[in-house]
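Chain nomenclature is as follows: A, B, C, D, E and F, assigned in order of appearance, with residue numbering initiated at 1 for each chain independently.
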Amino acid sequence: MNLETIITHSPALIVAVPLLGAFLTPLVGKINDKLRNVFVILTVGLTTFFVFLLANDIFSSGNIRTYVFGGGTPITDGGFAIRILFEVDGLNAFMAIIASILALACVIYSWAFMKENTGLDKYYTLILLMVAGMFGMILTGDMFNFFVFLEITSISSCVLIAFWTNKGKAVDAGFKYIVISATGALFILFAIAILYSQYNALNMAFLANSIQYTFLDKIALVLLIAGLAMKAGIVPMHMWLPDAYGRAPSSVTLILVGATQVSLYGVLRMTFTLYGSQLTIPLKQIGDTSITMNGLLGITLIALALITILVGVLMALKQTDFKRLIAFAAVGEIGYIVLAIGAGLTAMGTSYGNMAFRGGIFHIINDALDVGLLFLVAGAIYYATKQTSLNQMGGLSRNMKYTTVFFLIGLLAVAGMPPMNGFASKLLIYQSTYQVNPIIAIVAILCSILLLAVFVKVFHSAFLGPKLPKFKDVKDVPKSMLLAMGIIACFIIFFGLFPEFVVNNLVKPAADAIINNTNYITTVIGGAVP
Amino acid sequence: MPARNVAAVIFFTIVAVFFVFGALMTHPFGDPGNPEMDQYIIDNTQGETGADNGVTSVVFDYRGFDTLGEATVLFTAFAGVIVLFRRLKK
Amino acid sequence: MISIYDFIETLTTDSGFWNPLIWGVAIVIAFLIVYIIRGFGNKGYKKETEQTKVFLSGNPEYKEEKMHVKASNLYWGFTESLKWVYKVLDKMHTGNVSDYVLWFVIIMGTLFIILGVI
Amino acid sequence: MVAEMLVNIVHIIIPILIVIASAFAVVFKDLIAAAIAVAAMSLLLSLEFYILHAPDVAIAEAGIGACLTTAILVIAIRATRREEEA
Amino acid sequence: MIYNIPYIAVVALILIGLYAVIFKRNLIKIVIGITLIESGVNLFLITLAYRQDSIAPIYHGEISRLMSLPVPHALTLTSIVIGVAVLALMLSLVIHIYRHYGTLDARKIGREEE
Amino acid sequence: MSGMSKIVKTISSITFPFVTIYGLYVIAHGHLTPGGGFQGGAVVASGCAMILVAYGSVWTMGKIKEKHLSVLESFGAIGFIGLAFLGLIFGTMFFKNFLVGNDFLFGEIGKGLSNISTAGALPLMNFAVGLKVIAGLFGIVLVMAYTTKAKGGKIE
């Protein structure tokens, strides 16, 4: 059992270990509560170890790894894939790193945060299932497998959103989330069936190789983009997001942030890998300008992204509920990612187009970490004071010193202030969008300033000001919660201080995987790509 | 009719029109063309897996990982129902 | 292997660069300059005297708890001047699950028209 | 020839029946009746699966769709209220 | 040879389900609508698998006839079980919503008064 | 709740064994005839649901608790994923059908055998999934029926 064997099998183990852990957790929970917590943390830790091992291999060698379930070659003699395939390239490994960091922080945070609740066996089971579902969505190279793991993620997260069933609003948010995700997933399944009907295949690389962009393919593309964009929370399909984020327990919200990003990854994978070879083909000639699909899709995405940023930031400014406010800010942050992707699409092939992709990809991890940290701080405040409304808070920095420091780090990062990580990625996005159209960049910068204003409001009303008499005995939160926040804060500071290192080693392979899908296809198909 | 319903009807119709066109453009009913992948499975199910039932060989062998996911969905649903109806106080 | 120099490289873009370490040095220098300027200030400041008391146009001072500005009172002017925007936004966020799916259908129809017709 | 036409007629009739049953499931104001309509639709769907040479799926649809789905729906309706309008 | 009537039925099922989700106010009706969409997608998958003059993909001794495609059958099995899982969870949440709000009208619950 | 009338109770207790045996048959012959773990599990769960309707959920809950079903389902799931892991250990890959082609158990392959001892790990997986589906589906119905009928509306 040497290291190479482990790396070879790690794509399967990354999904299978949390699944096995989830099946074992109810049995372990019968023995002892502490043992169960340790078991869950060990399971997630082992998964994280596999993820980092695999990612290190992918990033250092630049290869694409495949894993065929049931053995054999990816492609049979006839030239088609019959078995389920995991295919890990730079983008997959990048997303897996995000998911593993968030999952580890979540289980550590949950130790103290959820201590008072009943039903913790099932809680941890569902957390592990959600983590497994996320990893499955990230790593899979098969369309139907993607759908199955999408459903696992949405079902487990809907229960976790409604975990505090004594609150009517939490149950309501869970119901909305399950309706939204069931509808979206069914249309995604419909799209998969349409693709299957035409090419008799479910493997992504095979489909990408043979796709023709017929009328049915257009329908499938629209269904895929719309369904996944709804799960990613793009305005105007974002309404479930503040409900779900705001009313779920904070530890769950952290993973929900990850699940949202994974849906966004799905949009990227479907658009750029599946339809990648069709993106730059001219569709119609009007006068001198030829309309290409990337231009159309890019402009659409930029329009959606600008609305997303504006709505997210403006609504965040108005909110008085702590977590709801952060949720709207998260909507705005997602808008920045989509903006970068759209700008990259319109300028596909140019150097600033590539820069836009790098900025967008870099912003995915920054957004996940920043927003996640803020949600953890919100949870810590809820744990200490049992308050969520900002109107009731004040002067908390006098009692909760560490939490205040973490909030400041998250505030600076999410608003894109130097030297935090948010600035580095937003700089890339501003510069590239400025070359597409200066007005877009100006709007983006203004919204970023508004975001800073939003969080200054939170900082002022929650942490500054005189000590309120009802919070006289408030203590700082337990160590496990501080540790979880510390892990994420360390990553934020690291990414902020060494942006070029991160861009070169993590982001660039992922962005290259987006821009050029030939590698992805040839790994499976072999030399058969025309 | 309120504005919401007007918008709903308009876009509903657009979606319906595109779906119907899609349905008419799908391959003819009962004639999936030349399905290489499925024909391979039909031809090799007995030789490779030993199962007479092609569907079972797909469910558990060729696409076994999907089935694991499906079983996990059921597991999740049961755990979820128990969580939702649990007693909140210790 | 990863060398230490990889960490201190500068993030270059098409028309600029960003290096947090240089930025940090600049911040330290700026702080020093501010500190020096502060040294020129007037030394007539005395604690615990009338100089430091709050002055609210002659009105009596509130208790400490009441002095804290509530979150919903912050940026009141901004929200008031953008009332028309917020009216539209509030109308959008109905909290009705049917509307959420309706938005999904609307986006789907729009994308159908954009991608399907052309 | 006659057999083929018969098969074709069945392939036309059962989808129409399925659509009618699903329309009833939406139209009925009484939710129990709607649940029964869903069950009928599931049963017809199971029949359609059987005719389309998918016996495995037909068994699953009959067991899960027609029986357990209806049971869950009826349980939920009895726990809440029976009429559609509040 | 019949024209694509079953596909039209699939589209009709999906649209009826979508109609129920969008225009109905009762939460259980919304849930029923999602079930209908799911049935439509299942029917679509099975319809794709059908071949004229074929038998089910199950061997009984030595026979060599055209068989319908097995992969969509497997996908539909998965989809059916996922459907019942989603349905059970949705209805559990509906029961909880009824306990908290006392109504099933989608417009009356979850209003955002913050 | 005391359930339904005596007639319903008697008939369902007579029918229940047949339904169960049919379901188990479907599970066991999953690799030969139409059916498999899911279908058979669904049939058995339907039979159990019939008993639930006839005798009432409180009575059924007294006979079998949701905790036991949960443990049973866990065992089924662990069995299934364990078989997949065994494929990794004894075979080459995760989900490798490691038993097929052996002389040991269910190992025979070949055309037209119609023999129960074929298909490698598939019958074992069928059993594991069957157990899981019975426990899962029946558990869902049982919990929902019990909590909507019993006082307090919660399970223990």
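As a working rule, contacts are C-beta pairs under 8 Å (C-beta built on N, C-alpha and C of every residue); 3 or more make two chains touch, one makes a residue touch a chain.
Quantities reported herein were computed from a predicted structural model and do not represent experimental measurements.
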Computed over C-alpha atoms, the centroid farthest from that of chain F is that of chain C
Can you figure out the chain closest to the middle, judged by Cα centres? A
Relative to chain D, the most remote chain by C-alpha centroid is chain C
Select, from A-C and C-E, the pair of chains that is joined by more C-beta pairs in contact. A-C
With chain centres taken as the means of their Cα atoms, state the distance from chain D to chain F in Å. 24
Distance between the centres, which are taken as Cα means, of chain F and chain C, whole angstrom: 56
Centre-of-Cα separation between chain D and chain A, whole angstrom: 38
Can you work out the whole-Å distance between the CA centroids of chain B and chain C? 45
For chain E, residues contacting two or more additional chains: 1-2, 5-6, 8, 14, 18-19, 21-25, 27, 30-31, 47-50, 56-60, 67, 71, 73, 75, 77-78, 81-82, 84-86, 88-89, 91-96, 109-110
Which residues does chain D have that touch at least 2 chains other than itself? 11, 54-57, 60, 64, 68, 72, 75-76, 79
Shared-contact residues (touching 2 or more other chains) in chain F: 32-36, 38-39, 70, 74, 77, 81, 84, 94-95, 97, 111-112, 114, 133, 137, 140, 144, 147-148, 153
Chain F residues touching chain E in their complex are 32-34, 36, 38-39, 111-112, 114, 133, 137, 140, 144, 147-148, 153
Chain E contacts chain B in the complex at 1-8, 10-11, 14-15, 18-19, 22-23, 47-52, 57-60, 67, 69-71, 73-75, 77-78, 81-82, 84-86, 88-89, 92-93, 96
Parts of chain B lying in touch with chain C, wherever the complex brings them together: 4, 7-8, 10-12, 14-15, 18
Within the complex, which stretch of chain E touches chain D? 1-2, 5-6, 8-9, 12-13, 16-17, 19-20, 24-26, 28-29, 31-33, 35-36, 39, 42-43, 46-47, 49-50, 54-58, 67-68, 73, 76-77, 80-81, 83-84, 87-88, 91-92, 94-95, 98, 103-105, 108
In the complex of these two chains, what residues of chain E are touching chain C? 18, 21-25, 27, 30, 106-107, 109-112
